[in-house]
């Protein structure tokens, strides 16, 4: 199974870069599953019904969220309308939506995608380590599903690596989101799980984490904070991770960075096959 | 001027990988200046007199620090003995040591190296934006010094990018440390400053940010925290950034990732010259 | 000099209780100086021009602020129009307004009132310990001013007690604000400074720190946070501290709690004189 | 039922003041139940087997803990030896000890005491709102137990008031600990639950939250932090809350502050009976 995971899509710049190229990328890389984090797709803050529809129509199979999940209040009710849109699993019981979804990738081949949120330097939430352990007790890699993809939306690198340590060998991919910067530590962990601490955003990198750099800099130095954040203009770099998974074992056989467009150095995965 | 910047050296694994190869790397890359962050060199926590000496003898020109600067209490008095060992500039007045140093890189060619610390998700400290602006009012890139290198030791990607926005065009390199994961966003900003959000650690990556993964994972799931962190065994990946600076303007002309050894994908800079 | 200090005034309930009684309290207690924290006066978030005017007209001499200072954007420009309205001193240089004010309390008798903000569990800001030390180098209790009142707007009890330790003997009163709960530790410190960790809010205590308790509780248990905070209805308890200061030395001779109205146990100061 | 709750006992000063007077206080106030927080009893950090024994022998019925529960490593195994020593309920499953205990106060009269920990500005932990709701689904005030006492060990006043809002009418007393400063907001909430945001510490108040004030102040201003915290010398004020509960309904009928010794204003409860 060939998987592309894309990090936080930020505003119009990020959306356009993803949506205008997705069909081509799916084809060229013969992708079986595309997962993207959509928590900043709506002008930098949250996701709307219309934008979720746009992302799915462009060819994204599963959209994940994070701490900005509910910034657009319509999402509280809208999330139920999108079976492939998930929010962090470790929200408390009763939270709208689901934290995981099983998708049929190709005939006889299913993938479980799940979204977790970290707690270090973030709002109090349920324990992501216990939440994922409980969910995985109901799934078995290579048996009930052929791949498991985990988006861990978190600030601290330690917490992301901690979850990867817990999950190594039990899932196909653990990839972080939220910091809006791609990390250069893609690798396959000893147990066979592909890992990268952060996928990086799909957004304009001539910015401060995707936001207009003049406004954001002023807010750092001037505590009056009179101006609201706005997504930066300019071309986006679409950042993510490409993973090949052995459909029999669910283990990763290949992992490679994906960086297309904009100002970052370009990376295009070379297939193992 | 050819510069190699290395991120947080963690424990013996990181030290050995740096010290055993530095002479060779200096020669092969014809390096003029090597800067390394040493805040975790002493068993993961702080730096000692002996280890600082070892790093300088191996060929590191300037050692920077961070939030672990004073973990080894001897450093409070020892820092004064090492003219090329600096701690964050935005510690309060009266803090031992200095936050910046000018080194003569080659005849007629000087570099200013300075260390800042972020405040988001970190201990209260003086404003790094004002601290660096004040220091830079006394130096002029391409006139008083031929290069300026800024190590911004911080957690939040936004704060690092904020400082890079402030400094773009005024310094040669802004590079982050502290998260222990290299980022894949090396680039030259519009004003001519080389930038990477985090250099990544020089340490064992089969770990949780350089620490033993079994102990660290247990501390995440078991709040009793009965076991102390220990540096992970295993081979280190030395992570950093290679930059070429135009000696007349002080602007970066080339930036490239440096990752050698261990489990991360390898990167070796190709010179522009 | 007889001083009444009132903590954070929250919304209409708090404003009404303060404004409708202030003239009477001034008379009954023969007050020379009334200082009140106004950071939550405007519907719980910030202060407006109209509400500042209302507070001063009711008989408040000096209004202090805190982390909500700029919640109402008009305050950025309005603060300059109110000479007796101050914001935390340790905002960065260039912040509108001032962090301290000298008021003539009665002929030949002046008081310096200053506002500081803590940093622990709060936004990064300049060092309040250095800021106050620098300001006090220009004033001398019992010489240039007859009293000095310090409002330390902070979360952590340790930081408030730390500032009180620094200031003991150099000011007349150190009193905390921000937690919206009055503390029962009023006392005169060894050096002669009156102290209470928090003045408590002037607001409806059948609430969650002055906010509607149903909404606030739902936000604690339901992370979707779909409902905005609103000030709680119901009668306010006006909370604060009464202090008598020796006009020759500037030291406190009497300190007593002040709690009037609403649901808390009532406290009315008995004068020493 | 007559209950005395005492806040965080800090070091020798706090222990001595509690232990030397407890027998007398029990008699004079005809106390049925004494609960005290012991998280700082061992030199300011945690609790030991010997000190727990000393507290119980002096007449304390139940000892609660908090974020310092495991500072003394022997407590991890020792907690099991003390049936009336509890730690926060919302530690993860598998944590040694229990978060609640039922004690027989007098013939036919039982009290449930439970300990919760907040999450705002504290380490990630399980949701205290859900944890207490689940526990209380197994107990019924006035039926299975005649009183329920909740120690909510937390930093933020909002979180403590939030829990009190949830529990009002379902428990006899909600009282906070952890800030080491007594609050002046004792009252009976509309549903019949006695409440005070923080009980205050039993320790030396000529200090910074019970710690030596010279050392603590130096650590605020000097980030090198070369000196370790030490409990302050000097006489303690024993701080807490006195509550009378109707044994038939479990509701509070009387609540009054308790402050004895040291430098704070003294408060001794007057019985309603």
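First chain written, first letter: the chains are A, B, C and D, and each begins at residue 1.
The rule is short, and it goes like this: contacts are C-beta pairs under 8 Å (C-beta built on N, C-alpha and C of every residue); 3 or more make two chains touch, one makes a residue touch a chain.
Every value quoted in this text rests on a predicted model; they were computed, and no experiment measured them.
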| item | value |
| --- | --- |
| Partner chains shared by chain A and chain D (touch criterion as defined above) | B, C |
| Proportion of interface numbers common to chain B and chain D (over half same, under half different) | same |
| Chain centre separation in whole Å, for chain C relative to chain A (CA means) | 45 |
| CA centroid of chain A to CA centroid of chain B, Å | 29 |
| Where chain A touches two or more other chains at once, by residue number | 92, 125, 127, 130, 221 |
| Of chain B, residues touching chain D in the complex | 70, 73, 76, 91-92, 94-96, 123, 125, 221-226 |
| Contact set on chain B toward chain C in their complex | 92-93, 119-120, 124-127, 130 |
| List of chain D residues in touch with chain C within their complex | 121, 127, 129-130, 155-159, 161-162, 165-166, 179-187, 189-190, 197-198, 200, 205-209, 213, 216-217, 220-221, 239, 257, 259, 263-265, 267 |
